[in-house]
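The data blocks that follow each hold one structure.
The two complexes that follow have chain A in common; it is paired with chain B in the first and with chain C in the second.
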Partner chain A sequence: MQRTRTAWLFLAPMLVAMLLVAGWPLARTLWFSVTDTNLNDLAAGRFVGWQNYFGAYGLFGNAGYTEGFWAGDWGISIANTFKFAVVSVLLETAIGLGVALLLNQEFRGRALVRTAVLVPWAIPTIVSAKMWGWMLNDQYGVVNQWLVDWGVVAQKIAFTAEPAYALWTVVAVDVWKTIPFMALLILAALQTLPRDIYEAARVDGVHPLRVFWRITLPLIRLPLMVAVVFRLLDALRVFDLIFVLTSNSSATISMSGFVRREMIDNGDLGFGSAAALSLTAIIFITAVLFLRAARVRLAEDTR
Partner chain B sequence: MACARGLAVVAAAWLAGAAGAHAATLTIACGSNAADAQFCARYAQDWGRKNGHEVRIYSAPASATDNLALLRQQFAAKSDKLDVLTIDVVWPGVLKDHLVDLKPYSQGAESQHFPAIVANNTIGGKLLGMPWYTDAGLLFYRKDLLEKYGLALPKTWHEMAEAARRIQDGERAAGARDFHGYVFQGRAYEGLTCNALEWVASYGGGTIVDASGKVTIHNAQAARALDEAASWIGTIAPRGVLNYGEEEARGVWQNGQAAFMRNWPYAWAMSQAEDSVIRGKVGVAPLPAGDGEGARPAATLGGWQLAVSKYSRHVEAAAALVMYLTSAEIQKQRAIGGAYNPTIPALYRDPELLAANPFMGDLLDVFENAVARPATPTGLKYPAVSRAFWDATHDVLSGRVDGAAAVRRLEGRLLQTRRAKW
Partner chain C sequence: MSQRSTAATVALYAAAALVVAVSVYPFLYALATSFKTGTALFDARLWPAEVTLRNYRQLFEGGGQPFGRHLLNSIVVATLTVVVSMLLAISASYALGRIPFRGKGALLLAILAVSMFPQVAVLSGLFELMQALGLYDRAPGLVLPYLIFTLPFTVWVLTTFMRGLPVELEEAAIMDGCGPVRIVFQVFMPLLVPALVSTGLLAFIGAWNEFLFALTFVSDTEQRTVPVSISLITGATAWEVPWGSIMAASVIVTVPLVALVLLFQQRIVSGLTAGAVKG
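== the complex of A and B ==
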């Protein structure tokens, strides 16, 4: 009894701190999301119930979406976010795996290469976005200059302005930036693999590709999945790359961009909070579904 | 000798400090383009030295949209970090609850300025900003190239596009592969709203929302105007213009790689700078007219005001700085050095000013009759209205929808934004 009380006593400051830094903002966002609060005067918001979610002007089930949910800005931002997240995470995982396999080989200067590979990940996203923005500029950009010099294209391409390219440009920059992260996580997994299996396989003369499919991949699957979940959650809240790199129209807007736009640019804190909570829910559901799907496959393998 | 001067400086500093019994540290938000930073900072700090205050410069974001977003966050937090703000002509309605009424400090100085701008800055009887400079969209053209190809100054958008195409074809054939006919601001931000309002108004398509608050954008002339503009993309304008703001457009222009440019007057002084490759080759004219019913040349009213934050700890000193910077003397200096249009009509007869900016006298009526963005009728919701408009325009420019579909959808969105009332 005494011990329990002492435990609570020692835990109390931590609990209070948690409530202050996590509970309070969350409660406030919840409250804002059912009001029409404007950034102009935070105290003037009135309670509007579910209006921000399902009302005539809400996020979901909106009478204003005459051309369907997916034509509205919220629908577009959800679609953009998932397109970005799925494609970039797939590419990052595939290329990261390749880089990790290379780095796992013994060769001279391996330590140096491993460090060098980290550079893109070490550069802050804003800086790399700005840097790529200039490199991809349609008039002065070095990338366009090369493409023209090599005769690949006749007219310079507006990578970040053209809606057809803009989202894929963002994907490309994100892939460039995040490969090191994936490669390092996968490399860490690779280094834990027992060497004797590989020696046995070599003695038996098993084809290297078969070794990869039958030994390496199943053994690193769990850490690989963890890495993918990390990246997926990260990618679903993408904001800065898109904000800095593209023209920021609804053609490339992400869910986080939508939230910022409603809250800050339009000052609509109530509606923006509703969007922020929906964003959280969408990411949460995606993570749960992904983990469940991955575990099902793992379970099949063990049978 | 040196020692004596040093002593004098110390004494002067001490005296200045004693004279301004409450020496304050003020922060002023200046624009971030080179000329703005230079002139705003120079005169503000001059004033500070004379009056024993320290003036710090805060460089505001180049994009007006980002700038406003940042200010709103600062105000929501009641931050006292900024004392003097530069605010856009469309912001008084959005920021009205956070700005100081300058009437008690102006001693009637506002009566010297354009009455329309003073009226724009006065909400509920409070003078929320002093006019700092006025602005309207202008057509910049290359005099030498029009002459070279024997072309007249275009009066309509059609003629402009035709002339731009002729010059572009000719220059590219002559080896300038990156030459473009026309550059403007096509990025999805407030600047695109200004450009697109000029197209729509010049075609007689109205001003998005009229003075009574009625949504008027869904009309055939507005759709035609947007379609016309979309036809420039990838033909006379580079596709990259979809991501250009003022400075990106000016970059292409000032490299001598464009025949026409739509921009604000500040671009004049920079085009005429010592190191500019197009120095002496630049002409300035009113923007072209559209065609069809109600067509006329139209320019969007721009311009910036100086305001004082309600959360400033030195309101009095900040207001004094605002009055100094908006005075006739400083406005004249900025007009001569930076081509910023004064807001004091009397200055437009000043010979020194007209010698530096020959176009200002001729274009006085462009500035006086410029089209206002619908900021007054839409109040706090103006940012959302403007965003919906530039988004719709960007969709048309990038070829995702045609003008007719865009204005129909835009009307729906604006009604949705308005809900019960603006």
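== the complex of A and C ==
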């Protein structure tokens, strides 16, 4: 009993902080989402029920979008976010796995390569957005210069402005920045694998590709899936990279970008809160579906 | 892992070289750009023909943005965030890692859930809270919202670490008449140093890089943090983007971080893997 009291005493400061910065604001966001609160006077909001969700100008019932849900900004931001998340997580996982396998080999200079791989991860997102924004600049960017010099393209490309390229440019920069994270997590999993299995496979003359598919991949499946879930959750709430690299144009706006635009730029705190909660629900459902499909139980050791 | 064919060796080193080049080149290019001004900016070569520090000097010379002030704001915010989250997490992780009590599993899951939450879900509520507490538009006030992403993982990692400490140590301390406070801060603390360094660094990096809250909760020019500052650097005219200054600012913000990460890479890697795989 004495111990239990001590436990709660030691937990109290952290719990108070968490309730203050997460619990209470979340409850307020819930309330705001059913009001017409404006940014300029938070106390003046009136209860409007489901209006922000299913009303005439609501998120999911907007009659103004004559071309359908997916033509509206909210629909576009949902589609953008999923395109971004799915493609970048797939690429990060594939390339991250490749880099991890490379770093798992013994060769001279491996420590140097591992250090170099960490660099993109250490660079702040805003800085990598600006850096790549400069390298991909439509007139003076070094990437365009190369492409023209090598004869790949005849005309310089406006990577971040042209709607056809902008989202994939964001994906590319995100992949560049996040490969270290994936590679290191996968490498950690690879290094726990028992060596004798590989010895046995080598002695039996099993083809390396077969070893990879039949031994390595099944053995690292769980940590791999956990890493993928983490990245997926992260990618679905993307904001700063898109905001800085493509100025949050409606061609590339993400769900988080939509929320912030409605709340802060347009001052519609109630509507923005409704979008924020919808986004949370969408992410939650996606994560649950993914974990079900991948048959992973997260946080198994929370006893 | 012994003999490898020549072709495999060549492929291995080529892949390694490619990985290094792709990882490092963009930063080197930014570094090179930061030393160029005027028309030299549009020369795509890596080594500038003429090295100038003008971009760096301009950043601190006033006129445009008070970049020095922003740098100071970021240092204060990130340091405070680390100190506050460490103190809260050390105390909490002792309870979670060493004392059995009912509801612990649910509590750990709740903490994990917070770390997965999209930050915009609490944006409007936090906006109101910051105004109510008089923290809106004050750089140090950002420490409060930052706890939402630093606390969950510092608590998780430190709990895992605490759980692994030997029971005998605690028992001996109790025999000597130590209370829990002394056990945590005098007996366990020295053993926790490696875990504290790695989680502290990750918390520092998180706070240093944060953009959404800093952009939303601070509108005063003086109170900005560096990521917001960099995103808002503009030229004298709308047509001219001062890439030289932007890259100089980027280099200043990044170099300490890259240095820290490379210096503590072993610990960061273990922190990352502990925080993510076990979390």
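Everything below uses one rule, namely that the second predicted complex is superposed on the first by the 276 of 303 C-alpha atoms of A that agree within 3 Å, B and C clash if a C-alpha of one lies under 4 Å from a C-alpha of the other, contacts with A are read in each partner's own complex, and residues count from 1 in each chain.
Assume contacts are C-beta pairs under 8 Å (C-beta built on N, C-alpha and C of every residue); 3 or more make two chains touch, one makes a residue touch a chain.
For clarity, every value in this text was computed on a predicted model and none was experimentally measured.
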For A:227 in the superposed arrangement: first (chain B), second (chain C), both or neither? second
Check the residue A:163 against both partner chains and state whether it touches chain B (first), chain C (second), both, or neither. first
Pick one for A:138: touches chain B only (first), chain C only (second), both, or neither. first
Using the touch definition from the top, say if A:42 reaches chain B (first), chain C (second), both or neither. both
Winner on chain A touched-residue count between chain B and chain C: chain C
Please indicate which partner A:286 is in contact with in the superposed arrangement: first for chain B, second for chain C, both, or neither. neither
Looking at the overlay, does A:26 come into contact with chain B only (first), chain C only (second), both, or neither? second
With the two complexes superposed on chain A, say which partner A:268 touches: chain B (first), chain C (second), both, or neither. first
Could you pull out which residues of chain A sit against chain B in one structure and against chain C in the other? 39, 42, 137, 140, 264
State the interface residues of chain A toward chain C in the complex, per the touch definition above. 3-4, 6-11, 13-15, 17-18, 20-22, 24-29, 32, 37, 39, 42, 98-99, 102, 105-107, 109-110, 112-132, 134-135, 137, 140, 142, 145-146, 176, 180-181, 184-185, 188-189, 223, 226-227, 230, 233, 236-237, 239-240, 243-244, 255-256, 259-260, 263-264, 269, 272-273, 276-277, 279-280, 283, 287, 298-299, 301-303
Along chain C, where are the residues that touch chain A in the complex? 1, 9, 12-13, 15-16, 19-20, 22-24, 26-27, 29-30, 33, 41-42, 44, 87-89, 91-92, 94-96, 99-102, 104-105, 107-109, 111-112, 114, 116-129, 131, 144-145, 147-148, 151, 155, 180, 184, 205, 208-209, 211-212, 216, 227, 230-231, 243, 246-247, 250, 253-254, 257-258, 260-262, 265, 268-269, 272-273, 276-279
Any idea which chain B residues touch chain A in the complex? 65, 68-69, 72-73, 75-76, 94, 97, 177-178, 186-189, 238-244, 251-252, 255, 257, 380-381, 383-384, 387, 390-391, 394-395, 398, 400, 409, 412-413, 415-416, 419
Please give the residue numbers of chain A that touch chain B in the complex, ascending. 38-42, 57, 62, 64, 66-67, 73, 137-140, 148, 156-158, 160-163, 246-251, 261, 264-268
